[in-house]
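In what follows, a structure is listed as structure tokens, so that the remarks can point back to it.
As written, the chains take the letters A, B and C, and residue 1 is the first residue of each chain.
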Amino acid sequence: MKIKKQVEDLLAKVREKGPLVHNITNYVTVNDCANALLAIGASPIMADDIKETESITSISSALVINIGTLNERIVASMLASGKKANELNIPVIFDPVGAGASEFRNDTTKEILNQVKVNILRGNLSEISFIAGLSASTKGVDVSEEDSGNDAVAIAKSVAKKYNCVVAITGAVDVISDGEKVIRISNGHKMLSKVTGTGCMTSALVGAFAGAEDNNYLTAAVAGVACMGIAGEIAYIAAHEIGLATFHIAIIDAISKLNSEIIEEMAKFDEE
Amino acid sequence: MKIKKQVEDLLAKVREKGPLVHNITNYVTVNDCANALLAIGASPIMADDIKETESITSISSALVINIGTLNERIVASMLASGKKANELNIPVIFDPVGAGASEFRNDTTKEILNQVKVNILRGNLSEISFIAGLSASTKGVDVSEEDSGNDAVAIAKSVAKKYNCVVAITGAVDVISDGEKVIRISNGHKMLSKVTGTGCMTSALVGAFAGAEDNNYLTAAVAGVACMGIAGEIAYIAAHEIGLATFHIAIIDAISKLNSEIIEEMAKFDEE
Amino acid sequence: MKIKKQVEDLLAKVREKGPLVHNITNYVTVNDCANALLAIGASPIMADDIKETESITSISSALVINIGTLNERIVASMLASGKKANELNIPVIFDPVGAGASEFRNDTTKEILNQVKVNILRGNLSEISFIAGLSASTKGVDVSEEDSGNDAVAIAKSVAKKYNCVVAITGAVDVISDGEKVIRISNGHKMLSKVTGTGCMTSALVGAFAGAEDNNYLTAAVAGVACMGIAGEIAYIAAHEIGLATFHIAIIDAISKLNSEIIEEMAKFDEE
């Protein structure tokens, strides 16, 4: 079955099942993540304290770990929930926001990758380059110019093999790989980088797709990334003349209106 | 005086007095709660640390406790502020988000209800069923299908009597009771459940109404719930064809434009 | 060079350089602060834990400290980051949200002013009156009526001299002073006080301007305050008939569309 059709079918499953997605995430973009999950048809829950995080993970269909704003209390919860998810075969999505930008983020990223079996890793080229062991020059939470020449395909494949997971590197062209297959997505618009949380929302959407069907990590990653890219294109047309906040709103509007026809018409996948 | 007129008068008082409402709440929907309070005419303040929470409560006209994202530091603040509010006769509104979904939420819910005199309790049918001692099957923070057959009127009355408070169970038809009187509200739209924070905002609005006049808990609960329901209907008409984020924006727009005429025309109350 | 031209030039520099602005801020308005920074052309990063806060400050072009929601963990980070910024000559902007409203906020405000060399202090008249040692009657996080008669010019000058910094008091007419020069800005609209976070966003914008050029504190403060005022006027025209949330969105839209022509035409500066 072609990847486009798989994504369409998976969206239908998200809408039908409404998977509960547990997010341990940052306080900057958390509202957008919750609303993006509702817009795609999933049900969000946020809980980050060790006193409940494992039990919340246990009732969820996917766990999304995002290190956008870290502290030690939350890191402990991420590790505990990650292990619980592994135990119960609940998919774990990891978004290493700002990996490379501070020792704390670097150490936490390594700790999560070493202690938790991550099923899908989504980040920008700087963040995934850091994980690949390359000298990433992460500038805050955005991709740095120095890293923009790195070979995303080679990095995605190598990291996917190393951690036996699916890697999604988002950028002008998104690259998703399970270590063997590589899928490129040419959707999106550069204006997406001018709204905070579009990366975080993408990871949350990947969680919704991973939570709707067992063992579909590659399709789930492609679906989440493609939905954000398509929504960005629709939002750009609707809103770029008005301004960034209207564009922000239009992204979530577009996610809520996505359907098979739109994916069929707009998705630009390139398999190899 | 009929309830509709009481709600209209109370809205005028909120707009005139601009009550300061102290919110100890979650980090997912906190921005919406603050903006909903401003939209209805109140003044929000958020403070959750034990080093200031009691003094912030002391200068406020109402305290809204919402357990959407919990940790032990904040629970201590909730209890301290709740007791301080009781001491000073400041109304306490409690929103037991996700009660039934984890032991930590269950224990915290019981602790708050045991140690603090709650004046108004607002939740969905799963959350209030849990408090009623029924076997709630809370699925995350949304009402679960298993609970949807529970008798909201009986539960609201029984919990209101048990805790000597006003109980508001929001759903397709909202049920508000002080243990004797029961008011049903048939406003709202199911699309409200597709935006995170509409429940939290409802509790915040109830806080604004409770803070505008002494000892008006039943009317305050009805007013807060009705305002969200009416705003949802207006927003649905304005925005449902565009998408969920525009609907989200339109809800707060509608709250800011509410007035006596709109309430007079749109509110659907059923007293018994 | 006239102040208007300086502001226009500084905006061009922000857009060209995209300064990274580190925000240690509250969880109520943090998303708006990030999006306002992106809208003006800067790059936001939020990090508040002692394990990384100094290293994040070190890679940033400005540090914005905002005490809207405090706890001891974050206060330690504010002090550490502030000292690190001083050491590296990175500008420090301080927004003493709610100073005067609780002992904890008062003590933290004093601690920051005593231990960190603040370059730009931005607050409302109640907050800056508190710092001036006047008996401020801060009502929550909004300016109190009792303080509205205070002489903003005298207070701004005196606090600026005392702490050897630039002080920006925002209100119906904004007053910015370095202790000698005084600039009044007559932009803005009172509807701005009906959206949470317009003050916080103003401080964030000041951080963007301060981070784009060395030692330009007075111009940076004027630029940040003026941009919010102008954006408020544009948003008012676009959105006041629709409602507060659309107005909120229109503010950030307007920030993203600001340019020299708009500043040239709309900015109302009064130098003395």
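One rule holds for everything that comes next: contacts are C-beta pairs under 8 Å (C-beta built on N, C-alpha and C of every residue); 3 or more make two chains touch, one makes a residue touch a chain.
Please read these numbers as outputs of a predicted model, since none were measured by experiment.
Visitor: Once you've mapped the touching chain pairs, tell me: line, ring, star, complete or other?
Guide: Graph shape here is complete: every pair of chains touches.
Visitor: Can you grab the rotation angle between chain A and chain B? Superpose on CA, round to the nearest 5°.
Guide: Copies differ by a rotation of 120 degrees.
Visitor: Where the CA atoms of chain A average out and where those of chain C average out, how many Å apart are those spots?
Guide: 33
Visitor: So which stretches of chain B touch two or more other chains?
Guide: Correct list: 27, 31, 248-249.
Visitor: Applying the document's contact rule, which stretches of chain A touch chain C when the two form their complex?
Guide: Touch residues, chain A against chain C: 26-29, 31-32, 68-72, 98, 101-105, 139-142, 194-197, 242-246, 248-249.
Visitor: Going by the contact rule at the top, pick out the chain B residues touching chain C in the complex.
Guide: Residues in contact with chain C: 20, 27, 30-31, 34-35, 38-39, 43-49, 51-52, 55-56, 59-60, 73, 248-257.
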